[in-house]
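All chains are identified by letter, namely A, B, C and D, in their written order; residue positions are counted from 1 within each chain.
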Amino acid sequence: MSAVPTEGAVDVAALRRWIDAFAGDVAEHQEELTRLDSAIGDADHGSNLARGMKAVLAALDSERPATAGALLKRTGMTLVSTVGGASGPLYGTFFLRMGTAAGEVESLDTAALGAALRAGVGGIVARGKSELGDKTMYDALAPAVDAYDAAGDEVGAALRAASDAADRGRDATIPLQARKGRASYLGERSVGHQDPGATSAALLLGAAARTLG
Amino acid sequence: MSAVPTEGAVDVAALRRWIDAFAGDVAEHQEELTRLDSAIGDADHGSNLARGMKAVLAALDSERPATAGALLKRTGMTLVSTVGGASGPLYGTFFLRMGTAAGEVESLDTAALGAALRAGVGGIVARGKSELGDKTMYDALAPAVDAYDAAGDEVGAALRAASDAADRGRDATIPLQARKGRASYLGERSVGHQDPGATSAALLLGAAARTLG
Amino acid sequence: MKKLINDPADVVSEALLGIAAAHPDLGVDHQNKIVYRADAPVRGKVGLISGGGSGHEPLHGGFVGPGMLDAACAGEVFTSPVPDQVVAATRLADGGAGVLHIVKNYTGDVMNFEMAAELVTADTGVEVASVVVDDDVAVQDSLYTAGRRGVGTTVLLEKITGAAADEGRDLAAVADVARRVNAAGRSMGMALTSCTVPAAGQPTFDLPEGEMEIGIGIHGEPGRRRVPLAPAREVAEMLVEPVLSDLDFTGGDGALVFLNGMGGTPMLELYLMYNEVAKILQKAGVTVVRSLVGPYITSLEMAGCSVTVLKLDDELLRLWDAPVSTPGLRWGR
Amino acid sequence: MKKLINDPADVVSEALLGIAAAHPDLGVDHQNKIVYRADAPVRGKVGLISGGGSGHEPLHGGFVGPGMLDAACAGEVFTSPVPDQVVAATRLADGGAGVLHIVKNYTGDVMNFEMAAELVTADTGVEVASVVVDDDVAVQDSLYTAGRRGVGTTVLLEKITGAAADEGRDLAAVADVARRVNAAGRSMGMALTSCTVPAAGQPTFDLPEGEMEIGIGIHGEPGRRRVPLAPAREVAEMLVEPVLSDLDFTGGDGALVFLNGMGGTPMLELYLMYNEVAKILQKAGVTVVRSLVGPYITSLEMAGCSVTVLKLDDELLRLWDAPVSTPGLRWGR
């Protein structure tokens, strides 16, 4: 079952560019992510994701998946197998569910990409039981998929809207008191700090807007 | 066998004033002694001597020895039993031997005090096998008893000469490389530091010059 | 950062090489970063596995051996192991009677063990039960937290449950013992200093001279509150009081008291603290029948300690006293 | 200064209260600051005592028990005990077959034990033999030093000699085993940080980021030289090389390798270091038959480690493997 490429659609090569760009952004912001996780966590979010995305690039290089589903699922499985911590199962599940939703196709149109993203975020909620305002990556991802859907048919515009919403969601975690993950142990002391997972989630959407648009 | 008090002689009360003054000087210089011992030792010389001299004062208060020998021996035994480390046996032996040499007398004339001091220093050599130039308390004490003997009959002048010689001996430890005690483990790194034991020994002679003269 | 390491990325794998070299009774799967009993699986015995981020040594690898764990998975420093490791450890530990997963209550640990259990059940048919340790009274179990953290009680639970498995009980019974231990144990910890995650390269938080953190976990994270440095006797009050107010000792049960060092605090201070803790417990009418003092569940080189009190009944006491032979805890053989 | 203490002057006596509370098998003479086997003296057995400054825990009090020491004297932090303590410990340990004094080679320790032995012999008629441990290759035994320091080998010597005493040998024979262990053991240590003597209130020396001390002892003193911080594999070379160049392994004897933590270095790093040490020994053709990894002879909260290599013959190996039951080392019972 192979899809007919559509004008403006996101193909496997573009998805690969997204993953590459996210890996690059994570490497570049590794110290910042760890610094944020030092304030309200255990100082490993940057190295966790950097290790995982390095492994993802290696896996994709050796396997060269031919469909969107295969590429996204390989990404998810590699993250599950190499990251650990909270973010490993969460980002891993995100990509696994996104890949399953995308299916064995060579490209995704705007609606299919949106549905896949929403499925991925649904996976995070299923795994992490996160709710809006818990001060997690979900606080960046939830508004992002909503903004994507609201933005209309053009994939570039939709992703830019999603990325902007993720950035705002990330910033909005600062005043929140954490209710999930390690930061919740800090109680009120978690207030005033930006959530590291929301920060990496905003990087993920930013990379998407740059590469898939 | 009780001695007839001589003019200018050092009686039990004076010896007690010496011990009191030394205890006071040690308390006052405790941090300095420990700081010197930090540079080339294990950072305890000040607290070791302070603990010991506090115990000595308590022992002398409760016992009130009536003779020079009894007072000096009680001081030595208390130091042996409360200081530990290298300086405990060394200062302890110093006072024990000094007390034995002084004998059960109520006062000491200049010669008897000199002989007692020399016996005490001999005890340190016997215990510690120290030689001149080893960078130890002996480097302050040896020139002190020599200067005492060379200074003539007047006890005050003799003690001031001894104290001055002890100060010079203490200062002369600075350029030496240690060959005894912990400082010797440092090899050449012991050069350039004043020996803590020589410093406390100079305090001992200084207190003698102030109180017995 | 001052550490006896080579490349920060290799810390865990190189430490595992050292464990393998130092302990011929243990096997190490370097690929999966698993420490296991060289004679695993033990036929007919329920397998016990645990795991978590590294940096808590001797937990968990140092508690592998007869009478305690069959295998332990080492994650990166302070990072839960991945499901693949847990699956491999489960296979190593399965002697046909099923495997108990001992999981400390952290989002990451719980999710990774959960995924592993799903995979094991789907792929291998090995029976798996899980127990989640959540004994840290610094954290209230509420809507506003991820629940209590698993800290000191983990050590006691691994020992006692290991003895229960040694007696040949079945998986449900072994899991039941583990849950009873968890229900009977409470902990509270504090830090004098932060620690440095090797990959991060600098202290996780800044703790000035004259201040300490109360209510810390074991991942170098800040605690519940920062207070002025206090004498040991006051620190002991701050730790014991919340533990006791959460455990009911009116039944006259004895207690196992565990004074744990966080890694950088020497035994001299731990014994001094134990004295303070023991005095408070005595005043509170708690009879201490067993004790454990030392660094057993640590947070790298952090200075500080935690107090765990475990209410003992006759059975738990007997299981605690049963022989154990691991690098970290050993008696009776 | 950040420590879990009350008044710095009470650290040792309060820690002894904790030891007494935590270890019902041990007796503590609080007046004389002695830890002893609660069942001491053991009739007909040579008594083994040791002692030294505090701050090296578990050494020596943590090595009191069946198979190892009968009693240990605790001095002030880093300060040798006084003769009165040693006399009292000798009395406690004497079961009629005489008492061996195990003394680390420091001027203070040697003099205080010497005075005690003189007093014991004069006052009580208890037969006393002494063995002085001097295994630290950082210090050359020459006119320019007080001889080599006693460091890591002390732990191994106390264990092995304790087993020899358990076999019922007489004092001369037990002392002979002790001297053989000392002759066969060599150590070398290093520090990443200084430590703080409680009574001094600040670190003994200043060791900036990026630098370390090589050739340290166990009293927080600076080492033989200060060098730039290096990876673990180079640190291992700096420690093992001087040890091996001082021990002859051509006879094909096996080795007991002891990687000791100085107090503030966590097990994760110690195992990593042990791996480096084991690799170097293997390359040098040394067969490691036993190992010990952990903080057993420490320097308060100092970060760092030491390596001890002990050449084993069949007898020393058998005595090392014999049962021991102390807070610090325990196996076989």
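Note that contacts are C-beta pairs under 8 Å (C-beta built on N, C-alpha and C of every residue); 3 or more make two chains touch, one makes a residue touch a chain.
Every value quoted in this text rests on a predicted model; they were computed, and no experiment measured them.
Asks: Using the touch definition from the top, what's the fewest steps needed to get from chain A to chain B?
Replies: Contact-graph shortest path, chain A to chain B, evaluates to 3.
Asks: Among all the other chains, which ones are in touch with both chain C and chain D?
Replies: none
Asks: Based on mean C-alpha positions, I'd like to know which chain lies farthest from chain C.
Replies: B
Asks: With chain centres defined as C-alpha means, what is the inter-centre distance between chain B and chain C in Å?
Replies: Each chain's C-alpha centroid was found; their separation is 55 Å.
Asks: Roughly how far is chain B from chain D, centre to centre by C-alpha average, rounded to an integer in Å?
Replies: The mean C-alpha positions of chain B and chain D differ by 32 Å.
Asks: In chain D, which residues are in touch with two or more of the other chains?
Replies: Residues 77 of chain D each touch two or more of the other chains.
Asks: Pull out every residue in chain A that's touching 2 or more other chains.
Replies: none
Asks: Taking chains as nodes and touches as edges, what kind of graph is this: line, ring, star, complete or other?
Replies: Looks like a simple chain-to-chain line, open at both ends.
Asks: What pairs of chains are touching here?
Replies: Every pair of chains meeting the touch criterion: A-C, B-D, C-D.
Asks: Give the list of chain A residues in touch with chain C in this complex.
Replies: Touching chain C: residues 34, 38-44, 46-48, 51, 80-90, 127-128, 177, 179-182, 184-187, 189 of chain A.
Asks: Show me the residue ranges of chain D that touch chain B in the complex, using the header's touch definition.
Replies: Result: residues 9, 53, 75-84, 106-108, 111-112, 114-115, 138-139, 143-146, 149, 197, 199-200, 204-205, 217, 219-222, 224-225 of chain D touch chain B.
Asks: Looking at the complex, which residues from chain C come into contact with chain D?
Replies: Its residues touching chain D are 1-7, 11-12, 14-19, 21-22, 54-55, 57-58, 62, 77, 192-193, 209, 212, 229, 231-233, 235, 259, 263-276, 278, 288, 291, 293, 295, 298, 300-301, 303-305, 325, 330-333.
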